[in-house]
Each structure stands twice: as structure tokens, then as C-alpha cells.
Amino acid sequence: QQIRIVVVSHGQAADPFWSVVKNGVDQAAKDMNVRVEYRAPETFDMVRMAQLIDAAVASRPNAIVVSIPDAKALERSITAAVKAGIPVVSMNSGSDVAEKLGVLVHVGQTEYEAGLGAGKRMKAAGVKNAICINQEVGNVALDLRCKGFFDGLGTKPNVIPVKIGDPTGIKNAVAAALQKDPTIDGVLTLGPTAAEPVLQAIEGKKLVFGTFDLSPAVLKALSEKKMAFAIDQQQWLQGYLPIVILANYVRYGLLPANNVILTGPGFVTPENAAQVIDLSKKGIR
Amino acid sequence: MTPLIELRKVSKYFGPVVSLKDIDMRVYAGEVHCLLGDNGAGKSTLIKALSGVHQPSEGQIYMEGQPVVFNSPRDALDKGIATVYQDLAMLPLMSISRNFFLGREPKKKVGPFTLYDAAFAAQVAREEMKKIGIDIRDPDQPVGTLSGGERQSVAIARAVYFGAKVLILDEPTSALGVKESAVVLKYIVQAKLRGLGVIFITHNVHHAWAVGDTFTVLNRGRSYGTFKKEEATREQLLQMMAGGEELEALAVELDLIAKKDPTTAAQIEHKAAEELHKPN
Amino acid sequence: MAVRTQDERLRPISLWQRLLLRPELGSIAGLVVVFGFFAIAAGGSGFLTWAGTRNYLEVAAQLGILAAAVALLMIGGEFDLSVGSMIGVAAVMMAILSHPDYGGLPISLSLVITLGFALLIGYFNGWLVLRTGLPSFIVTLAMMFILSGANIGFTKLITKLTIVSGLGDSLAKDPLSFLFTGAFLGLPAAVWWWLGVTLVLSWVLLRTPFGNWIFGAGGDPTAARNVGVPVRRVKITLFMLTAAAATVVAAIQVMGLGSANVLQGMGKELEAVAASVIGGCLLSGGYGSVIGAGIGALILAIVQQGIVYTNIDLDWFKVMVGGMILGAVILNNYLRKLSMQVRR
Amino acid sequence: MTPLIELRKVSKYFGPVVSLKDIDMRVYAGEVHCLLGDNGAGKSTLIKALSGVHQPSEGQIYMEGQPVVFNSPRDALDKGIATVYQDLAMLPLMSISRNFFLGREPKKKVGPFTLYDAAFAAQVAREEMKKIGIDIRDPDQPVGTLSGGERQSVAIARAVYFGAKVLILDEPTSALGVKESAVVLKYIVQAKLRGLGVIFITHNVHHAWAVGDTFTVLNRGRSYGTFKKEEATREQLLQMMAGGEELEALAVELDLIAKKDPTTAAQIEHKAAEELHKPN
Amino acid sequence: MAVRTQDERLRPISLWQRLLLRPELGSIAGLVVVFGFFAIAAGGSGFLTWAGTRNYLEVAAQLGILAAAVALLMIGGEFDLSVGSMIGVAAVMMAILSHPDYGGLPISLSLVITLGFALLIGYFNGWLVLRTGLPSFIVTLAMMFILSGANIGFTKLITKLTIVSGLGDSLAKDPLSFLFTGAFLGLPAAVWWWLGVTLVLSWVLLRTPFGNWIFGAGGDPTAARNVGVPVRRVKITLFMLTAAAATVVAAIQVMGLGSANVLQGMGKELEAVAASVIGGCLLSGGYGSVIGAGIGALILAIVQQGIVYTNIDLDWFKVMVGGMILGAVILNNYLRKLSMQVRR
């Protein structure tokens, strides 16, 4: 009987970040010769996520992988899985609560810390007044990135909400913000869907621009020095490792001793961008 | 005797359109008051003002001597005015019996709840329709599948059933067959004998003459005045309704047409012209 | 049904055809097909188990509670696009009011306050639509923005985040929360709420004068007003009912999860409309069924949850959902037409 | 002579409803064929089958001897059949002139483009309406703001304007005033003299008698047969339309009502009964 | 307009009132108010500058191109909820076809292929709606799921990502891309497209027989069919037009940005409907204006972009957008009623 693992994450299938996670999952499934089903709600929706986990439990898989953006909301479903004797590994978010919920291992990075790192980096670059572009207000993971960013920078929060499906709207909103307040000297985006339009909006302006997560265009901009940095959580690993860990756990009962495995934050800068470009095209970074 | 319902200098404007201007009218209990006039004369507008659909732009309505304002059709209904609208006010997707009782649902008490009494509604709708000469197949049938005349009959049966003091009928016989029309006229007489005031709009002189006691003629939003049946002959009424000169011109015209093609059409045409001239 | 005299203008018609004429019964065919599909495709992996059944019933329940009210509103001729964000507002409001760090009220009290607020919003929606004569689509679209925007604004003002979590303890203390989170005969409270709401509203629609008015107000408001239906009152009541249903869903979610998020309920407005349409409601109003909306919700829930049990790749998930919805409505429609060609 | 249009054993069912059963009918060029019958007899259904709205469930339609199938109203229009529907087929939000030409827009060429000739449309609509006796205020006015009769006139003027071989009119005079009705009757005669076949549905015996050459009577979806004008008297026609016995019963009933309240109503009632009995 | 004989049944009416009777002209009042608001609230921070103007015009242009087609479709009595995901599909398809790593086609060729595909989808939408007789709302809702789902599925299958970036070079080579990304008289190509599409479609609606058919097909399809309007053909054409408009918007975005992602266009369907309604289109069909839809798009764009120039905390962004939409439609409606109480 082939091992069957269900992955439930809070990020949509369409999101570039999460599509890399899924690529890692799929690769691990192939490498470990296990069957993996990946499930996610259409939007950031804890109710749906809890329901998906419940459905996963009902389908009696050998193991479950979850992300935990809101521990309270998912607590019941996750503990139910644990109680049912299904091994659970968490990924991406939830490092602080994983152990309490009975999760075996957490693979990921805390959003807040990553944001904090970005803020500190900008501060070091001399940024005094920055904006954070949020393409999905209400998604707690993105909220935390912005929050950490401004804490690290030590300035008052200034978040520009934009619509994820509207590149021109994003570009022009940033252009408008820069026009309104010319003292802005730093921009942080929370994903490549926002980063690419923003690249156009800041063309020819002297400011520090960083983003979360990679895409071919982001890496190209980095190597052309149009950007200062991109924060890479190496989310491929967040998909890959849990499957490997669980496959070995189910088969042989083996488990790493360290119950939090950090995959990031890693910073990609103009200096090391070139080597990542190829991987990014393959959907690994 | 105070009139059941009285209009004094009622006018109605729709933006730039003057639909009614300074209308005076009195309707007494136990009389059938016919409202006559060309198309677009303002008849429907007048009765809509009486049934609370429109509020008059100017002027005042009195009911049994008291000034009244009808804020809504429900208001008018509650004060005892039941109306058959020219555009019928029927819901095509709803069943006959539900349409019949819409807005005045029969109620039954079941424990603490007030329920819609569907069985009673179906029965009454069927009976009332039967009285008017229409044997409906199924009171649950949607009104949208009825023929024009059948639909009209539902509206009439409903108004007659609910009519309390005043019964208003806007061209109720226009879509009806000879037999059904006769039944409606009978209804009008019955209502009058029960002491209701009936306002009856029609384009058919015969119908008006058969049941009317009083006639008010509208023309382009203004009143030509009110006449008692005793004061006029049927021919005068026809003249008033049609504006005599025009009819004569028409007869001449028809003759001319007939002359153009004398071989086949002469007699028929002649007869037609005669026909048109004389009774209707 | 009254005794029918046989009429030569009627051809015989079978009971089966009579049944299929009911607005909701066509959708049952869609349900059977969808269920059958998953029973075959995913029966082995737990879809047919009790846990699997409970899982999709719970999803159906939340959508169904909403859809029952939305169906009534649609039959009454109006739309409410703000009902999704109303869920979010109600959820966050309830959570903040009872959260130990902010309101600290007992959950039952905050439920009552939230319900009052929701009814107010519903009233305002209805008032605005009727007062201005604007289509409810655009008015409630604007309300959707306003509600979800205000939700973000206030929540960030109070909690600095867009999420309110950590209600667990204050919930456990309140006996009322059992009404929303408990279970009875093995089924979660939400399912019982769904059944109750659907039956009561269906009963209101079919058996009370008010139900007749709903059909009238939706079918042709002018005609209905002309025969004395208080169209304004009917429509405003329906808007309030819809907001109340959103609050019930929010209560089930908040008390079940112990946390609330400003995005909660997003998109539910379209799902509820879809459920109602699948269940036989006309978008133009005046026709439809509450039971049908419940079946529509069940179909959507089975599709959504059933896919989890199959091994369809997530990347193609939405294609499946879309295809299933389309298939269900087409089948439903086709059967209805086949059995009865009465209406044009 | 081959009939312009012929129906052989045409039936139409709507689910369980039998609307028409085995209808045979022949309409010749240059004749006015009146279709008579009670409400719900199937007259509208019959003409809808002729104008392509419905396809017959059984039977065949022939045009000038050739079997034809009308797949759509446009099809029928293209073959020269213009129809005034009882429910008018008007778009309330569209202007009079656009309604008038809907589906048959007047075109003008401007460079490579084929445009809608709005000026021409407005002018023709105004003129044709004037011919029928309605002086419209503004051809740009939405049809929804017209009175019932005005709306009917637009539909008639349109059909007459476009009528090529067959002109079908479903109760065109039902909402019209005396004057306007006369104009429509005149139109019917004109169309016939131009060699068109006219099918004319009415409940008004006078109108039918005035212009009709042939009469087909429907009853509950079946045909009572076709009669030439020469073969019948007006009274016979009335009997056929109304089903004599019922009318007599009605007269008796009206008398009874009158007796109940003899003081006020006796004479009026008597007269009404007479009225109903004799001409209509 | 023909010479008018004076009629005693007409009260005098001013030219101003006549103008306000046009469906779109009420919305101009909304535009003036919204613009005025931002001119005052944000005039100092660049809203009124040329750059600021170009900024919101560009946003308005893309929405406006879509809204023009959507307005026609709405006047024709149908809805298309799938038009947002059609943008995403067209964008990604175009990008993949021209991307050096995948299709490698010149961008003009991939535009043509994509347009052909979009027309096919539009045709299918229309065919399905007319064939089944189902409301277009539910059919295109299902299509929205199917399209965006297939978009994710295929894109991941081909590129392993949900984003296709790095088109820059292949674009620069193609002269055609100037048509979508260039500028003329200081205004970006999108704005000229917007103007062109709006004028042409408005002209089609008001000055051609086909325009008359659109009104007819939307106002009362049965009546229109009865007088000979080819309702099927009209509606299918409109669905295809809408899909084509989505492709144009996608082309402008892809060529401007040099990249595409599967989420592109999400939510645009409702915005386009909102713009049309603000511009005076009736949701029930049969009435409306293309110019009005353009003004509606402009209002929405000004609100969206203008807020960034003000000092309002952007947490309240959506509240402002909703409030402004509501204000604009109410004002527009009120003015229209005030000036002319012709219709009930």
C-alpha cells in the first residue's frame, strides 16, 4: 500500500509563492514514491481551511502537512488529526505553536521575523520613510510581514493596499504614493505579483526597493541592480522537507531531533542573484 | 346626498406631460359612472389617482364628504376601493388562486400562527371564476399561461370579490368575448344594486349605454362634463365619444376608397361604411 | 389540492411530471449525479464514511443557512452582495466584543449586540434600495466595500492586526455557545440550524400571507403594490433576514473556531446566489424555492469537499468546481424542460 | 384559386394543454378572414403558429400551395407575414420610432457603413401614426409612457406598414376608442383592396361584420367551421360567437336581479337586458 | 430631431432637462462631485498635476475598455462574470506563446491566436446561455471557475509557476506592441484605445440597426424575436465582443508589463458591471449607454487612485471606495429624477 499524505495550506494555488511550495511537494512525492494530495482554499479563509483539514482527516491518510497562520482557528482540526493518530507536520507559519498542538516538526520561517529582517536591512541602507505594498489585506501572513518590516525600520506603518489582480492599478497606486510624498525612499512588496508592476512605477527613481519571494523578473531586476534585495524563504523546502520527513516517519519511525527547521529568511541580493535565476525558472526558488 | 367619492379640480402632471387638468367628478352610491374618452384622454390616470397609485399633482379627493389622501393602493383598498387596472396587475409566474388573493390573503389560525389558507383560496378562486363564466382547469396554474381574456376575468373576479364601497373597472371588457362581456356587465349591475358606486371605463358605446347611469367624457386630459342617462341619447353619446366631424370625414374617405376599386369592393365597402356609421 | 374535474383541454399528466414541476425538484437530479460521481470516484477514500458525510454536511450547513435567506430575498426580487462581508463584520465584532483583551463581554451578549447591528445594516440596505430606487446590486456592492473596509479599518485600529483570535476560554464558559458548536445525534449544531432555518423559511414562503407577498414583491412590484402588498415592508424585512442569517453563520464560525478574521465570508455572497439559482430561483425574482436553495448548497458543498477525497490535482480544482456547477444546472434545467414544456 | 395561406389539421399542445386540435383553414388573397371565438378558444395560439412564434405540434401549413415551416418570426416576416400580437411585442423603454422599426431598421449608407436612419424612422413613425389618427408628441418618447390605446396603435401602424402578403391582427381594436377603431377597420379594408390576405381576430361582432368576408369560429381549441358572409346573418354570427343558449339564460338572470329591487332598477335593468340581447 | 409641433399636453421642458434625460448624463454629475472632492482634498499633493491625471486615466482606460463591452452586453440583457478570468487567461496565453522559453512567437501572432481563442470562449458562453436558457449569471459564474482553474492548471503544467515573466526583449522587437504600450500626445495608448472603443461601440449602439437590436434583445427578448430581431445572433455577438475586450485589456497589461500572472483581471467583472450601472445601464437590460459606462469607469478610477493622494489612512480605503460609489449613483439618480419625473 502506497503512503498517502495530504497537504493543506492557506495559500491559493494561483499564488506564485505557493506554487513553488507545491512544486517542492510534488518533487518530494516523486522522490519518496508517496502519493500526495495538495489542498488549499480559494482565498485566505480559516473556516475553509479548517473544513479542508477535517475532510483530510476523514479520508484517513497516512500523514498530514498543514500551515498554521491562525493557531486558534485551526487548533480544533489539527488536534483532531493528532488524536486520530495521524502524524502531522506543519510548514511555513506556526513555528511558535506547532509543538503545543502536537505537531511533530515545523518546517518554515516566521513571517514577522522575515519582515523584521527586511526592515533592518533597509534601515542599514539609510531608508527613513518607506511604504509596504499589501496585495491581500486581511491575509494575516502578509500583515505580519508589513508589521515586522516597520518594526525593523523603526518608522510609523504606511501600508498601501492594492488589488492582486490589477497590475496597472498596483503600478499607478505606487506612482501616486511616490508623487504625493516625494520623501519616500524605500518600498517593500510582499510578492512578485506586486513587485513586477512596482518595478515600473519606480523606474528612474532613486530609492531602495525590496520584495518578498522570487520570480524570474525579480531576479533579473536584482542582477540589473534595480532592486536591493529579495527575501527568499526557500519555500521549496517548506514543501519538500515535510514530505520527506513524514515518508520516513511513516515507513521507519525516523524523525529529526530538532522540531523547528528554519528555511529562511535568506536574502538574495544583486551579488548572488545570477546563480538563482535558473532555479527560479524551474520553479524551485 | 353626499357623493361617495368626489374629485375637485384634480390635475396630474408627469414631468412635462399634462395627463389630467382640473377634473371635477362626483360618483354616488348605487350608480354606475361611465368614464369615456379617446385613447390617451387620461381615463386610466384618473382612476389611478382614485385608487392610490398616483397622488394628484393638484386638487383634492373627497370620500363621503371627507377630504382623503390615498398614500398607496393598500390605503385605497382599506378604504373600500377595489380596482381592475387596465394592465391588470397580475403576476404571470404566480398561480391563479395566489394572484386572486395577493395582498388580501385568507388567513387561518393554527395554534399561535396565522397561516395562508390555500385550500380556501383555491376554492374561492375557482368559484368566483366559475361565476364569471370561466371554468379554470386548475387554480394552481400560473396566470402567465392563461389567455388574455382569462387573465382579465381573474382580475375582474378579484375586484368584484373584494369591492366594498367603490368598484373601479378600467376597460374590463376589452379583451373579453361576447358572453364573458355580458357576464361582466351583469356583475356591474349587481354591484350597483348592492349599493356600490361603480366607475366603469369602456370604449364600447353599447356596453356603456347598457349599464351606465352617468357619463363623464374626458378629452385630452380635460373634462367635457358629466351627463345623466336621461339627458342624452345613445347617438349623442356616440358623438361625444368619437367627435362627430371626424367620423363623417372617415365615411367620406371610405367611400372614396371604395370608388377606386368599384368592381370587387363597392358593395362591401358601402356596407362597411354604413355599419361604422350607425351602431358603432 | 382541490378535486379536479377532468377537462378535455388537458392531456393526462403523471405524478412524476407534477413533481418535477416544483422549482426545487429538478435540482435533486443534479444532487444525485454529483453525489454519484463522488461516491464512485472517491468512495474508497472516506467520502462515504460518517466522518466524510459530516464534513460536507457541515460545509453545506453554513452555506445553506445563508442561501435560505438569500433565496427568499431573490424571490422577493432583490440581491445582497454585502452578505459576505456582513459575515466578516459580524464575526470580528462578536470576537472583539467577547475577547478578554478588548470587550470582555459574555459571548451571548455580544451575539445579541452583533445581531442588532446586523439587523440595522440590513434595514439600511433595504431602506437605501427602496428609497433611491437604485438596483440592489449596485447599492449592496457599495455596501460590500463599505462593510469590509470598515471591518479592516476598525479591526486594525483596535487590534493592530486583521485577525482576532484567542476566544477559547470565554467561549467555554458560556452555555449559549453550545447552541452553535454542540452536536446532537452526531450531527453538528450547524446542520440543525440549517435544517431549522430552511424548514421555517420554506414554511413562511409557502404557507403564510407574508410568503405570498414575497412572491408578489419579486414578480412585479408595481402590480403587487397596486393590489395592496406592502412591498417596502416585505423587502426591508428580507434584507434584515439576510443580515441575520449572516450573523448566525458568523456565530457558528466564531464559536467553532474561537477566532475571527476580516476576510471571513468573502465570496460567500456569490456562492449563496449560485446555490439559490441551482435550486431553481429565478434571478429576476418572483419564482423559486427555499428547499431548492438548500439542495443547491448541498451540491456545492459536496463538490467542494468531495474533490478533497479524490486525487485530482489542486491546480485543476477550480475547473472541476466550475464544471460540476455547470453540469448540475444544465442537467436540472434539461430535466425540467423535458418533463414539462408548459412555459415558454 | 390556391389559398394564400392554408392550414391542414394543425394541432398545438403545451405540455398537457391542448390549445388547438385539427384546425383546417384557408385564407385567400384579397379577403378579410375573421377568427372568432370565446376567451381561451385558441385564436392567439393559431396566429402564433402562423407567424412563426410557435411551431405546430401536428399538421402542416401551406403558403401559396407550398408546404412551409416558419422557424422564427423573422422567417415568417421574410415570407411576407406581418402580425400585431395581442400582447403587442413592444419594448416599453425604447422610443416609438425605434420600436416601430425594430427588426426591420431603415438603413442608409454612409461611406462603407450601413447606418440606422433615425431621421427617416422618426418621420415615418410620426406619419404612419398620424394616418391612424394618433398625433404623437415626440417619436423619441419611450413607448412605456403611452396609453394602452396609443401603444396598440403603434403596433398596428407598424404591421400595416410592413405587411407584404398577409396581415394578421390579434384583437387590434380591443383597447381603441371608437374613432381609432374606425381607422383600423379602414386600414383592414385598404389592405384587402391592395390584395393582401387579412386575418382579423375580434370579439366585437360589429367590427367583424363590418369588414369580414369569411368567418372561422373556434371553440375550446376546435374549429366550428368556416362561413362566408353571404351564407350567414349577423344574428347567426352573434349566436355562433356567444353560444346562444347561454345568452338567453343570462337575460333571464338579469330579469331576476331586476325584480329583486324593482323600484329603482326595473326599467334600467330591463333596458340593459334588451340591449345585451339585441345588437351585441 | 424632427420639427416638433407644440402640443398643449406638453409643458415646456428645458434643454438642460432634455440632456439630463440621457442615461449617461446623470453620471456626469457624479463625476463632477467625485473629481471636485479629490481636487479639494488632494489637489495639493499631485492629484491635479499632469502625472496625476495620467495616472488615473490609465487605470480608467483599462476598466473603461472592458466596461464599454460589458455595458453593451448588459443592455442586451446578459451578464458575463467570466470576463475577469478571461483577462487572466488571455494575458497568460499571450505571454506563454511569445515567451522565448516556451512559444517564442512574435507577440503580434500570439495576440491574434489569443484573440481567436477568446472569441471562441465568448461564442461558447453565448451558445451555452441561449441553448440551455439558463441565466447568464450562473453559466458565466461556472465559466469563471473553469477559466481561472484551467489557467492555473495549464500555466503550472507548462511553466511550473503561476507567473510568466521576462517577455521584455521579444516585445521590444515587435512593432505592434507600440499600439498597446506607446503614447500619443502624452497620453498612453490604453487611453486612446478606451476612447476609440467607447466611441465606436456607442456609435454602434445608437446609429446602427444592430444597436437597435441590442436594445430589443435586452428589453424583451420574446417581443424582439416576435418582430424579427435575431436575438440569438445579437447576444452571441455581444458575448464575443466582451471576450475580445478582455483580450485587449490583457494585451495592454502584458505588453506594458512584460509579464503575466494567473490572478490578473480577478474581480474586474464586478468593477465593469459597477461602472456600467453607475453610467446608467439597467441591470435588467434594454436601457443604458456606452458613454455612461466610460464615465462610470472614470469615476471608479478617480476614487481608487485619488484616495492615495489624500491623507486618509489607507486602512479605510475600501470604505471610501464604497462610499464614493454609493454617493455617485445616488446623486446621479436623484438628479435624474429631479429633472424629469416621467417614468414611474
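Note that the chains take the letters A, B, C, D and E in the order they are written out, and that residue 1 is the start of every chain.
Keep in mind that, in the parts below, a residue touches a chain if its C-beta (ideal position, glycine included) is under 8 Å from a C-beta of that chain, and two chains touch if they have at least 3 such contacts.
Chain labels with UniProt names: B, D = Arabinose import ATP-binding protein AraG; C, E = Xylose transport system permease protein XylH.
Treat the numbers as computed from the prediction; the structure is a model and nothing was measured.
> Spell out the chains that contact chain B while also contacting chain E.
Correct list: C, D.
> May I ask which two chains are joined by the most contacting C-beta pairs?
If you count contacting C-beta pairs, the leading pair is B-D.
> Using mean Cα positions as chain centres, tell me which chain lies farthest from chain B.
With centres defined by C-alpha atoms, farthest from chain B sits A.
> Going by average Cα coordinates, which chain is farthest removed from chain D?
When every chain centre is compared against chain D, the largest gap points to A.
> Distance-wise, how many Å sit between the C-alpha centres of chain A and chain B, to the nearest whole number?
Distance between chain centres: 73 Å.
> With centres defined as the mean C-alpha position, give me the chain C-chain E separation in Å.
Chain centroid spacing, chain C to chain E, equals 30 Å.
> Counting in whole Å, what is the centre-to-centre distance of chain C and chain D, each centre being its mean C-alpha position?
Whole-Å distance between the two chain centres: 48.
> Between chain A and chain E, what is the gap in Å from one C-alpha centre to the other?
Centre separation, chain A to chain E: 34 Å.
> Going through chain A residue by residue, note those that touch at least 2 other chains and give them in order.
Residues 13, 22 of chain A each touch two or more of the other chains.
> Multi-chain contacts only, two chains or more: what residues does chain E have there?
Within chain E, residues 9-10, 148, 152, 156, 222, 282, 315, 317-318, 342 contact more than one other chain.
> Two or more other chains in contact with one residue: find those residues in chain B.
14, 17, 87, 137, 145
> With touch defined as at the start, can you tell me which chain C residues reach chain A in the complex?
42, 45-47, 49, 51-52, 54-56, 58-59, 62, 152, 160-163, 165-168, 253, 256-259, 261-264, 266-267, 305, 308-309, 311, 313-315, 317-318
> Quick one: in the complex, what on chain A touches chain E?
Residue positions touching the partner: 13-16, 19-20, 22-23, 159-161, 163-169, 171-173, 175-177, 179-181, 192-193, 196-197, 200, 215-217, 220, 281-283.
> Which stretch or stretches of chain D touch chain B in the complex?
14, 17, 30, 37-41, 44, 86-87, 133-134, 137, 145-150, 152-153, 171, 174-183, 185-186, 189-190, 192-193, 203-207, 209-211, 213, 238, 241-243, 246-247, 250, 253-254, 257, 260-261, 264-265, 268-269, 271-272, 275-276, 279-280
> Under the stated contact criterion, what part of chain E meets chain C in this complex?
Chain E residues touching chain C: 128, 132-135, 137-139, 141-150, 152-153, 156-157, 222, 270, 273-274, 277-278, 282-284, 313, 315-323, 325-326, 329-330, 333-334, 337, 344.
> Please name which positions on chain B make contact with chain C in the complex.
Chain B reaches chain C through residues 51, 53, 72-74, 77-78, 83, 85, 87-94, 98, 101-105, 107, 113-116, 118-119, 122-123, 126, 135, 137-140, 142, 144-145, 158.
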